[in-house]
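The chains carry the letters A, B, C and D, assigned in the order they are written, with residues numbered from 1 in each.
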Amino acid sequence: MFYRNVDEGKVISQEEISDGIFSLWIKNEGANEAGAGQFVGVYPKDKSTLLMRPISICETDKEAGSMRLVYRVAGKGTKEFSSLKKDDTVKILANLGNGFPVDEVKGKCIVLMGGGIGIPPMLGTAKALFGEDVHSYLGYRNNDTFLSDEFLKYSKVYLASEDGSVGVKGNVLDALRASINVKPDVIMACGPMPMLRAIKKYAEENNIKAYISLEERMACGVGACLGCVCKTVKKDDHSHVNNTRICTEGPVFDATEVDI
Amino acid sequence: MFYRNVDEGKVISQEEISDGIFSLWIKNEGANEAGAGQFVGVYPKDKSTLLMRPISICETDKEAGSMRLVYRVAGKGTKEFSSLKKDDTVKILANLGNGFPVDEVKGKCIVLMGGGIGIPPMLGTAKALFGEDVHSYLGYRNNDTFLSDEFLKYSKVYLASEDGSVGVKGNVLDALRASINVKPDVIMACGPMPMLRAIKKYAEENNIKAYISLEERMACGVGACLGCVCKTVKKDDHSHVNNTRICTEGPVFDATEVDI
Amino acid sequence: MNTKVTIAGVEFKNPVMSASGTFGSGMEYASLVDLNKLGAVVTKGVSNIPWEGNPTPRVAEVYGGMLNAIGLQNPGVDVFIERDLSFLSKYDTNVIVNVCGKSVEDYIEAVERLNDTNADMFEINVSCPNVKEGAIAFGQKADALFNITDKIKKVSKKPIIMKLSPNVTDITEMAKAAEAAGSDAISLINTITGMKIDIERRKFVLANKTGGMSGPAIKPVAVRMVYQCANAVKIPIIGMGGIMTGEDAVEFLMAGATAVAVGAANFINPSAMIDVIDGIDNYMRKHNVSDINEIIACV
Amino acid sequence: MNTKVTIAGVEFKNPVMSASGTFGSGMEYASLVDLNKLGAVVTKGVSNIPWEGNPTPRVAEVYGGMLNAIGLQNPGVDVFIERDLSFLSKYDTNVIVNVCGKSVEDYIEAVERLNDTNADMFEINVSCPNVKEGAIAFGQKADALFNITDKIKKVSKKPIIMKLSPNVTDITEMAKAAEAAGSDAISLINTITGMKIDIERRKFVLANKTGGMSGPAIKPVAVRMVYQCANAVKIPIIGMGGIMTGEDAVEFLMAGATAVAVGAANFINPSAMIDVIDGIDNYMRKHNVSDINEIIACV
């Protein structure tokens, strides 16, 4: 399951699935080796924006040897990617990071939580856990619930929205609290930092194992530059200080180990 | 006849007319105002190569409102231009420079001289002088005599080649010397510096008026940066020193006035 | 929405001006850019007598920018006053005259002759390549900078702006020296010295070997220096270096510049200054900034 | 065709090495790059004790390059020797250990512990952000640089390379000080201090406010400084700053570098160093250069 290379990705399709959010399928060598929660680095072609953009692998299609990236247009790089068309090529550094420990949680009551643009990697995680007791909590700003239908294929789905226009008004934790029958053994989550902080706290208080996927500005993506660190509770095995590399030891961490 | 603007050029067609030499037709507003021997600045899209590339206007088609640029792939910018396809757009700063004084030389025995990639602007000059007593001397490296056929439509044509494979072995002056019936009153020329130096000398010795088109590295193209100067014999009216701006007072100069 | 800023008592309709040497005296770009829209035109460096400048090639392209070694060619202050300043007097924009020299006396002579013209301010370029003092320009030693600033200030009838070179260990020392000697404002950055070699011909691309680097590639250095100076001196700062868009300009304002100048961008996009002005307007509208002075040094 | 170069008695199979801090200790890139092909691996700065480095964000993208303010996080020299140096001992490439410190004593302690390892040379990073001397780093004052070089040279059992900061008025003064104090070689340039402001959030992009700029945008400054130093000192120079291709490397060699290092390019193209090595080969073949030493300082 360790694949690391600069892949020449070929665009299979791209679609704007919601306002400013794009779903890109590319065929590339690393796709078949990719695990849920791993990410890739996508290189812009524009010569003024040189660094790769870390984007989570939303899901893979092993038969087609392809992976799907779902991203929001946030700046120059993602803006460029949004104009990729079928048969265009795109350089990507694949596969990066550790991913969610899907094999370790089988047989348990698993809650997946995704907030906003943190939702995409949870889809592949749900897919990888298909058949298990999986409950997906998805948090949106409003009733534009991109990807939520697709979660239905693999898991039960619970929605939350900030404006209350769909599902529980509030965030994914509010939705979890509202579904009193779900008693998670483990939570896996990706989303904005306040959401992850709340989940860490909630999990600790309720003695639930929680895995959270973190974000940080990256340069190398492979653990060499030490750009992307997160504070840790104990000294990190690699760095020997209280910093761990999100691109390498993460992006997924046991919530109790990181100091966020 | 003064047009100056940043035009959004639309590519009509592009063709590789000789090894590494491209002929590009674009439709743009300035085309109808362009004079023979003027040039345009073509902006690369690549964000690492920001300056415009000065390219002579080879000819214009007033009916179609289009201009033709013939250029050699020399580096990054021209390499990029060579991949332009029909309906692509290209940003150009048009029209630049003074051009050849075609109106002043009518009725005289006019010799046009072009060497290598200096040949293209002479084609438009020949076209502008169609009907006059025009003799075009074209110098090539070998028998790859791009554009020479097209000169036949407007003028008598004499070829020279460095390797002797076509026309007179040697340069355009050797060819002129060989055609003893041609007694030029005026020479108009574009080509490499050694050729222009030789023409300047020849013209002075033979009391012929010579107009030569010069090249220099440019930044602004409009006379503001003083990057593109050429030494002059007398103090220049604009600069008040012995330097004149090739992009503005040139690129065409009376050979007696410049110190090359 | 107010976009007016004031520097040393001179009011600018907006904080956007040309960077010296990249816009001639406006004349060359007047058919492409409406000069009336600009906060100011800063003219090409002018000296007491005409200067020939350097041999060619004088410009070279580099990644995300360019090098220049024009060598401050100029027709001398007399022609400049008669031709360029009278041209500019027809426009509704401020005029800042950039002055260069080889010795303190040169500068003083030029400034004295410019004193009674329509120029609104003088920008003093102390990064000239060849100066009396030897290899180190006035702009690279704090005491030399203090001295020349002091002397020019004493003769100048207009506010002066000392233009700082980025090729120094500590830009704040230079800013402080200029302020201490009475400079009314400072502008920065001038170009960063660079070099390009043509590996095919094994030769320097520029006849002068080295040249001054400008364009978007230098922006982070310029923003840093503007920020450092804004925290070191009280006099206003005109920031420049790689500004291509309104966003870039806002970055300089936030770093502490009261106004900004646009240089190499003019070559890359002749309407760059208008785009910068419009871009600042858009930013203000989008973020509900009613007075541009609110965002100056806000970071 | 010979691509071997020698620096202070150490032979390199080719003149291409990693720039410190951009390639870890090779381990992280070993699955992407054949380390045996490299002239040397220059490791991330290591200090006598573990360093935490700076808060995040530590990196930011800028036009044609990046800023970093890692703050020299490292696990300390003991772990480094045990883990990283033993890893590198398995490869057929030279190892240059980059050393950092907050005081002269820190450096000396680290160097002494590294003295009896498989390191071939030490590169001394004197542009650390926080040093005992106060705001000005060892790398920005010639006398401080002389002093630290002298002290390290006295204890080092391996040749030392002083790595110079470009954030100085006159790089040749620094090069001369390093040479006079006995440095066996110099390397340059380290990063140029820059800043980026997020205008949407009115905040610095980097937690540290400023960061070191690297990438193709800084190349002209680096080439200029290498050229200036090559003309000021006799000791060999390792040139770096924005090298992305073989052509870029050749430019540095022609400017006077005996070897080159590739930094940010590794992030942009993980096979950058291999591409640079191949690119130099292609250049030599195309131009009939039989020995790479022919083109060093040829301009």
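The working rule: contacts are C-beta pairs under 8 Å (C-beta built on N, C-alpha and C of every residue); 3 or more make two chains touch, one makes a residue touch a chain.
Because the structure is a prediction, the values reported are computed rather than measured.
Which number of steps is the smallest that gets you from chain A over to chain B via touching chains?
1
Among the chains, which is located farthest from chain C on the basis of C-alpha centroids?
Relative to chain C, the chain whose C-alpha centre sits farthest away is A.
Measuring centre to centre with CA averages, how many angstrom lie between chain A and chain D?
Roughly 35 Å, centre to centre.
If you average the Cα atoms of chain B and of chain D to get two centres, how far apart are those centres in Å?
47
Return the residues of chain B touching two or more other chains; collapse runs of consecutive numbers into ranges.
Where chain B meets two or more other chains at a single residue, that happens at 47-48.
Can you tell me which residues of chain C touch two or more of the remaining chains?
63-65, 216
Per the contact definition, I'd like the list of chain B residues that touch chain A in the complex.
Result: residues 46-48 of chain B touch chain A.
Going by the contact rule set out above, which residues of chain D touch chain A in the complex?
21-24, 28-29, 31-32, 44, 50-53, 56-61, 63-66, 68, 70, 73, 75-76, 79, 215-216, 264, 266-271
Quick one: in the complex, what on chain B touches chain C?
Going by the criterion above, the answer is residues 2, 4-6, 43, 47-52, 93, 216-230, 238-243, 248.
Which residues of chain C touch chain D in their complex?
Listed in rising order, the residues of chain C that touch chain D are 62-65, 67, 136, 140, 167-170, 192-197, 199, 202-204, 209-210, 213, 216-221, 223-224, 227, 242, 247, 250-251, 254-255, 283, 295, 298-299.
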